[in-house]
């Protein structure tokens, strides 16, 4: 029983992390129908950005987590936003209006490029790097279940930020513009929405969330590597598809489902942790076959 | 930067001197670059096949640079009279097909005298036959799969697979059982859980450990796998924790092992984690390896070996930092095997492809003290150095706790 | 904006166009005869006698300086003789000159320790590089002065025998260029300058090719070859089979070429799925892996699942069928899933495949130990990986594999071409263009898509079977996500739906890394960057499908028109 | 009474809670042209989609020559109902001839193997298809543009190409969705003549159209759909005189109605 509870807790924490990344995927896809494969790398770069910020801090600040931690978040988010904006401006924007595949290939190229750039240029990034110990230590113990405080923080941030995002998109003027652009870019343009601005903003929002996720990832797991972006990016995109691409709520729910499938299938399914990935993808395929639009997606209207 | 410009100034200076000596820069007869050794017979190449890009490149670059160090030293000491040696490092991307291409490239060059590599046993499988075809000696610093030398039935009916293949590292069927003996007999851990990363190295090691643990009366309470790119192990740890193991054996390398150990501790599973030479690295502790974690490694402890210390110092002097990684010292020894055998082969004569046969004989007969201890090969091409040491993390550093040979 | 800038430059440079070009051409010739480096480098002389004194042996000019000399002569000819679209030709030659000079000078500077190596600072005189760069810049400026006209269109028709002759010469030239590209910089591992020499050669080849294309020759020849399609294919295949007899005919390049061929055949299969049917497949290499595993298990290797071996053709057929079945299974969600969602299903399948293979599912894959020791193919006792001797000619090892794979690629191309121009091919393209309309035409889209997956997977499985024997080992590590991406990139780089495109794309993506081994640390980074740049500047690929080519031409016309209008406004 | 070619019996369609069609019945006799009109949002397109198999009616049936139509557009086409689209849906980067040959798809029998090996039988089939396609192109009046990309054709020609492509499926019934949208009077006139000629070949036609004048000049019978219900059905004269039709069209006389409709269309575009 305690194992089950512990695994549930683990799954929720993993889900919280994936959710933060998945939101970036789902928003970008919702607006310009692009699987932004490089989004996972934005998350990775943010993590290194946070680490670099810490390394650059003077020694006495390094010892004050209350200052160092926020600065790391700022650093990580700044790097993520910068990379995302540059990527949108110079890699994706020139391709808008071309075939559907071109930007996708570009996204794959950006992904490979970012990963390799960090590996070659970030000192010692060829191997895993330890993350500074400025995060709250210890566990929240609920009976036999241990949840690290970083995990708790991750869940709080993930849920909190997605609620803020959802509210912003539903209530604000810019949010309306985003929704309008997602549904019908041409009409939105006629209504005075500047699509370029909306798209950049979408990338920025995604990058901010990925930045938070990147720094929290280091804090929660104590180490980062250049592959983390790809791996979690795939999960996050899967989560976005599972929940219904374009839906904020869907992405979050999808992410939690994936986190839970991973830990629970590793625990209870035959083959154990060897096949936990396989189960994620099996569930994904089943969901897509029986509910192609994802859990919370709009059913696709036949164009005729 | 400064070092570089000093070096270039030296090159420029010496080159100018040479040119001045010739009286004009029309002289196109080349090769002499002002070193003090006689290199009149030309240049010979030591090949390296290792992953130089991608996620295993830390290990691969360590192998490449350590081989370069050995070659540099040989050039300075004029180990091979009449020849200058160079290293030609080829990337295999940890991919067997790419490894085959890299090996073919080296094998078409008549001046390649031997190859150091590979890192991955799976890549070695494609490289072995290609090099054998041309009788090029291959010395691996890192392949631990026993099948590479002794065939699929390595325990019951060992049979030499490739007469050109040698290795200076230890094999899974020694290291795994040695670790098992330590865990069960010395440390008294009867209930052991196994985690592997699913790759050849870790799987092979864990499989051999498992056999020996059972033989010695211990119990394997569970075997789990983590993805090679994973960073979050909470699921695996929770599962293992429910089985109440007294120790965890990890088959894999330090980038995963360090964080795994830390996350185990954080999740309340405070038992020692043990691994093979793949986790015997200072980075393991940096990445979260905790007090009391264990590792096996080949040879006697470094402190007791003057050769090992001098390797570390020379490496640091040449490359500025100690990033030779897990297999640097083995690679250094591998390169030295090739250089030593080459010196004997070309003694008083000149190199040509027909000398490769003699190279094989000379490598098989090679014997010296290297950075990892005694370097010598048995009839299968395996290292005769069967001395293994168990290390334990004590005060944030590896400390040897037991040295010996695996005796069954 | 940019058009305005150019037109301003044109007005300033227009009268100087010809003199500048002549000056540049003369300088290029001079640069070729000047010394380039003041001393012998650490790893031996910078290649090809570049420390030669001023003018003392003009007939000994080789290597990159020979290329410079040629560029100089070409530039002078283009500037003085009546050349069609002269500006475009000069621009290409100028960039070529610049590239060759810059690459060599840069390499000397870096390896030789500073600018002293290419100037007079160290007491010796070596201005070759500097003069070459200046020459290149002058010619580029001159070309803008003259103006960039559209590519000339050669209208004249030739009789069939003459056309055949032209095509023979052209393809012979291609063969020569390919062989030269492969062998430049040396074959073995000994030449420390191989990477730079190769880049320099690429600069030369690129410049000449662009100039020929600018003058209209390339377009004319491709039109000719389309007219005489069958003849062209035969000649091309013959050229491919002649490669082993050239300088590139050594074991290493046979191995590389064979691997390229295997991936090219796979890429053509993928082109059916992506290029014709418009279905994005991100896990395609898994089918190749399945084919390889099946062949390996029937090969009689020690760790194979089946203890017996089947003749290769039978094993290959089974491999294709099994891969095809998996293809149909993976494709089946397409009945309900649309577009990008399908991409994620294929990606998921790819991941499931690697995971399962790694865990030795069903005992078929031997897990992380892989299946080693797969015997080489043999025919009448001749093992495919050995060298063979026919009369006086000794062919390098692996040549039989090469021939087998050339035939495989040719067969795959034929399959692709026949399908493309058939009822089924039209249905696929219709689905790609507009799925609803295709259904309204009575096309069973689900069935057709599964068929595309099935055929594509079969081709991949077949290629995988050859792969298993060629490499001797089948490990899950050869079939990872990055390979799928590389294959996809090959298809898109070459041009979607285009047959020669897939072969060219695969060649580039697998030859360039081989030639650029010197830069191995940056290889993948360059690969990523290249993907971005290609999509940015040539999204239809290098050899676009005829339809897409028309699309592109249309766009270019529009652009030209716009530019015209803008220029008039300005 | 002979079996009608196409018959919709009591077709209802419900989306969520929205009743888009309420028991619509329509009969098409062989060799006739039926028009379907109604204000925006009346359910014309929904009804059309029921006829073409894109939607399966919630209740009711669609029968072709007495047989219930399958619920799959591809199978419906196979059975003999072809259609065009309101906003032209050609295959833009295929040539004109290839577009029509795609229409022949369902009447050609070459399977994968034949397509792979291009045997003599295959060659014959391909040649026949090409000839038939050329005939149809000539029939709709598209000559000498076989190898143009379809997207490069002028607007009116694209409409005609769509009709040729639909005819290539050898349909018994042709459904035209606003065939004159965006056309000038001359082109509209030509389209009318083309539809008459199609009828002469024995194909029955259903036309949806906003242009009431065009419908009344073209059709043998007209059905008016308002808010998902069939309001009136009958000959043009009957429908034109029916006061409910006038009322349905905003209570204005037909000429003004048409004007309004045009204006509405302008906004839509």
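Worth pointing out:
Chains: A, B, C and D, in written order; residue numbering restarts at 1 for each.
Basically, a residue touches a chain if its C-beta (ideal position, glycine included) is under 8 Å from a C-beta of that chain, and two chains touch if they have at least 3 such contacts.
Here is each chain with its UniProt name: A, C = Branched-chain amino acid transport system permease protein; B = Branched-chain amino acid transport system substrate-binding protein; D = Branched-chain amino acid transport system ATP-binding protein.
This structure is a prediction, so every number in the text was calculated from the model and none was measured.
Chain pairs B-C and A-B differ in how many C-beta pairs are in contact, and the one with more is B-C.
The chain with its Cα centre farthest from the Cα centre of subunit D is B. The chain closest to the protein's centre is C, with centres computed as averages of CA atoms. Averaged C-alpha coordinates give centres for subunit A and subunit B that are 37 Å from one another. Taking each chain's centre as the average of its CA atoms, subunit A and subunit D sit 47 Å apart.
Spacing of subunit B relative to subunit D, judged by their CA centroids, is 73 angstrom. Across the assembly, subunit A contributes 116, 230, 274, 277, 302, 304 as residues in contact with two or more other chains. Counting partners per residue, subunit C has 359, 436, 521, 524 as the residues that reach two or more other chains. In subunit D, 54, 85 are the positions where the chain touches two or more neighbouring chains simultaneously. Subunit C contributes residues 35, 38-45, 49, 51-53, 56, 112-114, 116-117, 122-124, 187-190, 192, 250-252, 255-256, 259, 302-303, 358-359, 367-370, 372-373, 385, 397-398, 467, 471-473, 475, 477-478, 514, 517, 520-521, 523-524 to its touches with subunit B in the complex. For subunit A in complex with subunit B, the touching residues are 2-3, 6-7, 10-11, 13-14, 17, 116, 119, 124, 126-128, 130, 139, 146, 148, 217, 220-228, 230-231, 262-263, 266-267, 272-274, 276-277. If you check the complex, the residues on subunit B that touch subunit A are 53, 55, 57-58, 61, 198, 223-227, 229-232, 234-236, 238-239, 241-242, 254-256, 258-259, 262-263, 266-268, 283, 286-288, 323, 325.
The residues of subunit C lying in touch with subunit D in their complex are 415, 418-419, 422-427, 429-430, 433-434, 436-445, 451, 455, 547-548, 550-551, 554.
Residue ranges on subunit B touching subunit C, taken from their complex, read 5, 7-9, 11-12, 15-16, 18-19, 24-26, 28, 30-31, 33, 43, 45, 47, 52-54, 57, 86, 88-91, 94-97, 100-102, 104-112, 120-122, 125-126, 129, 133, 145, 147, 151-152, 198-200, 203-204, 225.
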